[in-house]
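Chain nomenclature is as follows: A, B, C, D and E, assigned in order of appearance, with residue numbering initiated at 1 for each chain independently.
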Amino acid sequence: MEFFTAILSITYQFGDAFAFLVISCAGLAVIFGMMGVINLAHGEFIMCGAYVTAATARAGLALPVAILCGALAAAAIGMVLERTVMRHLYHRPMDSIIATWGISLIATQGVLILLGPTMQGVGTPLGSMALGDRSYSLYRLVLFAAAVGLLGGLYLLFYHTRFGVIARATIQRPAMARALGVDTRRVYGLTFGLGAGLAGLAGGLYAPTMTMVPTMGATFIVESFVTVVVGGADIFLGAAPAAAILAIIKASLTAWYGQLFGQIGLLVAVIVVIRIMPGGLSAVVKRWQR
Amino acid sequence: MTQILQVSKLNKRFGGVTVARDIDFALDEGAMHCLIGPNGAGKSSFFRLLLGEHAPDSGTITFRGRDITPLRSFQRIREGISVKFQVPGIFKALSVRQNLQIAFQHHLHGASLTGTIRQVLDFTGLTSEAATPAGVLSHGQQQWLEIGMAVGVEPRLLLLDEPTAGMSPDETRKTGEMLHDLNARGITILAVEHDMAFVQQIAHSVTVLHMGAIFAQGSIDQITAHPGVQEIYLGAVDA
Amino acid sequence: MRDTVLLQTTGLCSGYGGEQVLQGVDLTLNAGEIVAVIGRNGVGKSTLMRTLIGLLPTSAGSIRFGGQDVTQMGANHRALQGIGYIPQGRDVFPDLSVRENLMVGEVAGAGRPAPDYDLINRFFPILKDRARQRAGTLSGGQQQQLAIGRAMVSHPRLMLLDEPSEGIQPSIIKDISRNMRELNAQTGVAVLLVEQNLDLIVSMAQRGYVMEKGRIVATLGPDEISSRDAVRRHLTI
Amino acid sequence: QDGPIKIGVLEDQSGDFAAATAVKVHAIELATKEINDAGGIDGRPIELVVYDTQSDNRRYQEFMRRVLQQDEVDVVFAGFSSASREAYRPIVNQFDGLAFYNNQYEGGVCDANMIVTGAVPEQQFSTLIPWMMETYGPNVYTLAADYNFGQISAEWVRQIVEEEGGTMAGEEFIPLGVSQFSQTIQNIQQSDADFVVTLLVGAAQASYYEQANAANVGLPMASSVNVGQGYEHKRFTPPSLADMYVTTNYIEEIDSPASTDFVERFRAMFPDEPYINQEAANSYIGINLYKQMVERAGSTDHDAIRAVLAEGDVCFDGPSGNVCLDPRSQHMSHTIFLAKVEDDHSITFPETWENIEPYWLGDAGCDLTQNDPSAQYTPSSPPPAP
Amino acid sequence: MSRAEALDAPAAPARSRARQWLSRLEGPQTMGRGPAFWVAMAAVVLAAAVYPLFSNDYTVGNAAYFLVWTFMAMGLGVVWGYCGALSFGQTAFFGLAGYAYGVITINIGSAYGLTWLALILSVGLGGAFALLIGYFMFYGRIKGVFIGIVTLSVTLVLETFMAQTAGPQWAIGAARLNGFNGMSGMPPLTVPWFGGDVVLYSGTALYYVLLAMVVAVYLGLRMLLNAPFGNVLVAIRENPERTEMLGYDIRLYQMLAFGLGGALAGLSGALYTAWGQYITPSSMGLTSAALPIVWVAVGGRRDITATLLGSVLVIAGFQALTIYGSQYALVVMGALLVFTVMVTPDGVVATLMQRLGRIFGKAG
């Protein structure tokens, strides 16, 4: 029994870490993996999703609907930004770092000025479940399920739909895609909007579990970048194994040696994994696929 | 005559595709040799193996009597190999002159460097484009530039992957003459080509690669008359 | 149908940044014609093609396609109007599989008949064999075949073919020539061919233009274009 | 000398800490307005020179130099995080300035150029921990931010728990910026803790409460830093902070005439203020103490001011009651309130400790009336024996 | 003969090495050439040199503080702008050298100009650590965005680790690391002088020392970048495979460039620590790590002059905004960043220089 609860506990920890990495990196993966844009405002899209979710939930919407609102709001803002700013920077990925950093400054400080330094959150739904001497938040299981669903959905979208193929083509050779009849502006707009919306979704999903402050996006940013990059060029092949590996390392180090080692271990693991697989995990998965 | 390059039992696979199958190949010092074969036969891959860009699964490569298989690419180049790639490998953002300077500065300095740059600009017809960023040159001009980068250092062995692709017949002939010049100066030349007129013009002998393996070898006339080569590569002798 | 003008440019000018490359190109192409544009390296042949498909903006002059002024139209709209583009250097989508590359070709086919993959596979069997391979790892010649196949998918009315022989083995050049003629005969697709390969020009083109320094300096009638010597003469000016 | 008295104000109005510090600037503005309305300090009006330090240590360095060298202020009110204080302290020393640090912190700064009005561990823990142990039991689990404040506070907790005959059921340190606590929650559940001391800092770490509540940890909590600084009870949905006990020297819920009056005046000037926390009160008190010292010294000269301080009777009746500055450490005595967060996140005060002295530094050997080591000490690295 | 050609004109065999190096002050890898440029440059330096006479101590000290950061910016310019490797972790070398300066000086003291020894050792340490990381990355065939993430991870590991070294057990000799609160108590730079050391507090003396260092490093980098070494770095940025196929050991070049960038970041770090007598883990954190990238990108990363002037401009501009913009400063900053990136793709200063170059081009 003790053994069983210990296994259950570590599985839960792993699932929890996995869900966090996957959910927080999905939007970034789309924007970086598909468009090559290093979006330093990723955290602010997350914050936007969380804020809208909290506000609408407290206004009386059911939480799932509120989360959807959060995601849609972030997507809408993403599409506006794409149209006004990002569109001019696709062929300059390095400059997109600066522009998105600027956007993130505006967003963080703008929200601080407009809405104040904090905002009241929404409580975590679903309660908890006791097993042995431990109890678990059920909402965390929802997060895990959401992570798995997100991975599957994105894979299907980008690999098994026309939109996905066209989007990938557009990113690789925009001029050629245009010459083949693709409305590349629309593709860019939708892809960026999707990425922003997924970030908003991350914010919405985690809103009930976190402090709502303008800088809350910062908690997600390092983990999400690290996961995307360790995943490698083909983000949809790479993100899941990357999140899994990093989650195992982080969860076990945290369990055995505490949060400091979990934190440092995650970063060291990133360095080691990239060193062993300089093309990221997806390069290895691809070689192994054939 | 001594052999400058010996390749023995070279093998390389990519997943299901075999790009080199038991290749045994030797090149005499001072030869002008052409490598032909169907698209996808493995010609460019063979070059990449020679250059160390791909590591072979098995086999050895000997250059001027030294086993270069364990050497890294840049070390092989320093042994005296020069290459022009199939897709022009130039520095697009840099001026034509800088492209040449970077190509030569390792071997040449001071007056001989500037002199060589001027010479190469002259014979590639790029003198008026010397200050132009290489990326804005037309495709053919980029080809010329890369040829210039490869020959300027007077290598022992010159690898040319489709040097005349995108050139007009006139320019193709000019390239052929230039290669003869270089060869006369003692540079061994191994070229991949699809333009049979050009092959005819330059090659002492020809190797045909097919599905990663050597399919036929011989003089240009033997090869063009080879029924198998006609079938897999040249096509029916009509049109 | 052969006599209806499909493509017409008048005084077409374009270039890169401040630099004018095309300096007033006038050419006409009738429906169903195969017309070659020949000229030395760097005279602006590829620039002409890019301007026609709309990847380069026209700075002066006009382009009419299928009776419509398309000068201000974006490249994607021109593709939807039925212009297929096979660029020099192929520009396949390197990280997409062969099949996915063809799928992108379907976009421009909206409103036209379904893609004829049987025909494409018959012309270029390698595309079927390597359907799942990443296009970036195809050999140069294989990529060229993919680029042509990708343009065929949408049944264009005009194909802009920029040096298709570059890097292609002789037998496939012959195949391309034969296939393009067959396609032309079967579907009436017009072809604007930029080439330097004598065999291909002579065997494919019905007419020709000679380009020099951004201008058309000569036209070649059916007799001249089918003569190797005549063509060679123009290429060596 | 006439002219205005210039006070430099370096506080984080943006960035990570803004939630807890914007109110400090407002408190300073309130005190300034009141003093100026009443005729200023010795007839001289106060002029504030305010910079936003953006929760960035570098800005503290840049602006401390600016206020001292360029603006030539008479005194500086500066800093939220201990790191920011340590960043500017060398500069204050270099220019021999005078700085007020109006923030509760880990204690131990023995520096003649500094006056500290915030509460320190001996004030907050010597009261809190014994009370909690008596009420809930002797097994204590400490959850602390993994940096100086957390580590040193945890050291205090450990010492007091041992002195009181309790045991540490666990001690865990959380790097700054961590926001996910699943493992920590399980660790706590597995221990046989009777209550948890939470010394969590920053917005990210505050996520702990919601997550612990969702997992139904159900243990009482005790803290020196939460509620009183970051008003978590206002920001989180009840009942995630229920059963949290905090020792603070001020929060707006304190129901004394002085406090209600303070809150009224504050909200009259800043109607939208989300919360008036202990650092706001400390900043307000700080200005008033400074006024008193300047008036008694008859100048803003530091030596004169410190001579006044050395008299040992610099006191003020403020929103939190009567407070006095200790000449040896230049820290301040406090009335410590035990605030309890109820299920609906309302606050009650089960206990109050009057006039708790900041004794540790003085006892350990810091005596700024005699010498100025300009150092920070901790229980595990105390001042060298004289 | 074109101007470019004239520069490459045959070098007389007798010409000394020194003259060859001097000739590399101009070249294809740096903007600005000809008398007009050098006159302008001299005017800038002269203006910088005399301006303390017309200013106050604070302003001069503040200007010195801006100069402290330029070394890190120029180092990143070399690594990123010239060699094409975007390092997100220059702050690791900055922080390491900063701490090293603190540890060394606290232990050996500041007499006899020993602070300068400490400075040199710290810079060496920063450079050596960068070489190590560079070896690890480039010989491990890590490239592109992976370099960014590895370097970012390195600096964040250092930050996280240093943040928890509050306890007394974390000390090196007499130097307490002191965790997140930061290390302090190290002496500023001192110059031994008759009748007592001159302490280089943030005043005019420090300003002149830093100005001289900036000019020296700037000119040195110009020469290095126009030397064959610089050509190869640029070639690697443009097309690493081709560069290797021209016979260059690209990994060695990348590693050396990275080491140089690390040493320069270390120089900034050690100087920063000496300037404020304080160093903190947060100088290796995410925000700090992003800043150099912003400076370099906004100024112009592909030209060392643009990098240098641009970073001073941005650092000073951000500070001014913060002084006068109160809480709106960050919003304005963000908007300015977005705006400049969209309007001047090559960076503000680089674009300005191009414009000026075009105007004076004929004359220059």
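Operating definition for what follows: contacts are C-beta pairs under 8 Å (C-beta built on N, C-alpha and C of every residue); 3 or more make two chains touch, one makes a residue touch a chain.
All of these numbers come straight from a predicted model, not from anything done at the bench.
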item	value
Subunit B to subunit E, fewest steps along touching chains	1
Subunit E and subunit D - chains in contact with each	A
Chain of greatest Cα-centre distance to subunit C	D
Distance between chain centroids, defined by C-alpha means - subunit A, subunit B (Å)	47
Geometric centre distance via CA averages, subunit E-subunit C, whole Å	51
Rounded Å distance, subunit A centre to subunit C centre (Cα mean)	43
Whole-Å gap between the CA centroids of subunit B and subunit C	29
Where subunit C touches two or more other chains at once, by residue number	none
Junction residues of subunit A - those touching two or more other chains	109, 112, 218, 260, 263
Where subunit B touches two or more other chains, by residue	14
Touch list for subunit D against partner subunit A, complex	14-16, 18-20, 22, 146, 172-175, 177-180, 182-184, 186, 189-190, 203-204, 206-207, 210-211, 213-217, 234-238, 240, 272, 274
Complex interface listing, subunit D residues touching subunit E	13-14, 50-52, 54, 56-59, 61-63, 65-66, 69-70, 82-83, 85-87, 89-91, 94, 146-148, 151-152, 173, 175-176, 375-376, 378, 380-381
Complex contact set, residues of subunit C against subunit B	16, 40-43, 46, 88-89, 126, 137-142, 144-145, 163, 166-175, 177, 196-199, 203, 232, 235-236
For the subunit E and subunit A complex, residues of the former touching the latter	86, 136-137, 140-143, 145-146, 148-150, 152-154, 156-157, 160-161, 164, 286, 290, 293-294, 297-298, 301, 327-328, 330-331, 333-338, 341-342, 345
Subunit E-touching residues of subunit B, taken from the complex the two chains share	51, 53, 72-75, 77-78, 83, 85, 89-95, 97-98, 101-103, 105-107, 110-111, 113-115, 117, 130-131, 149
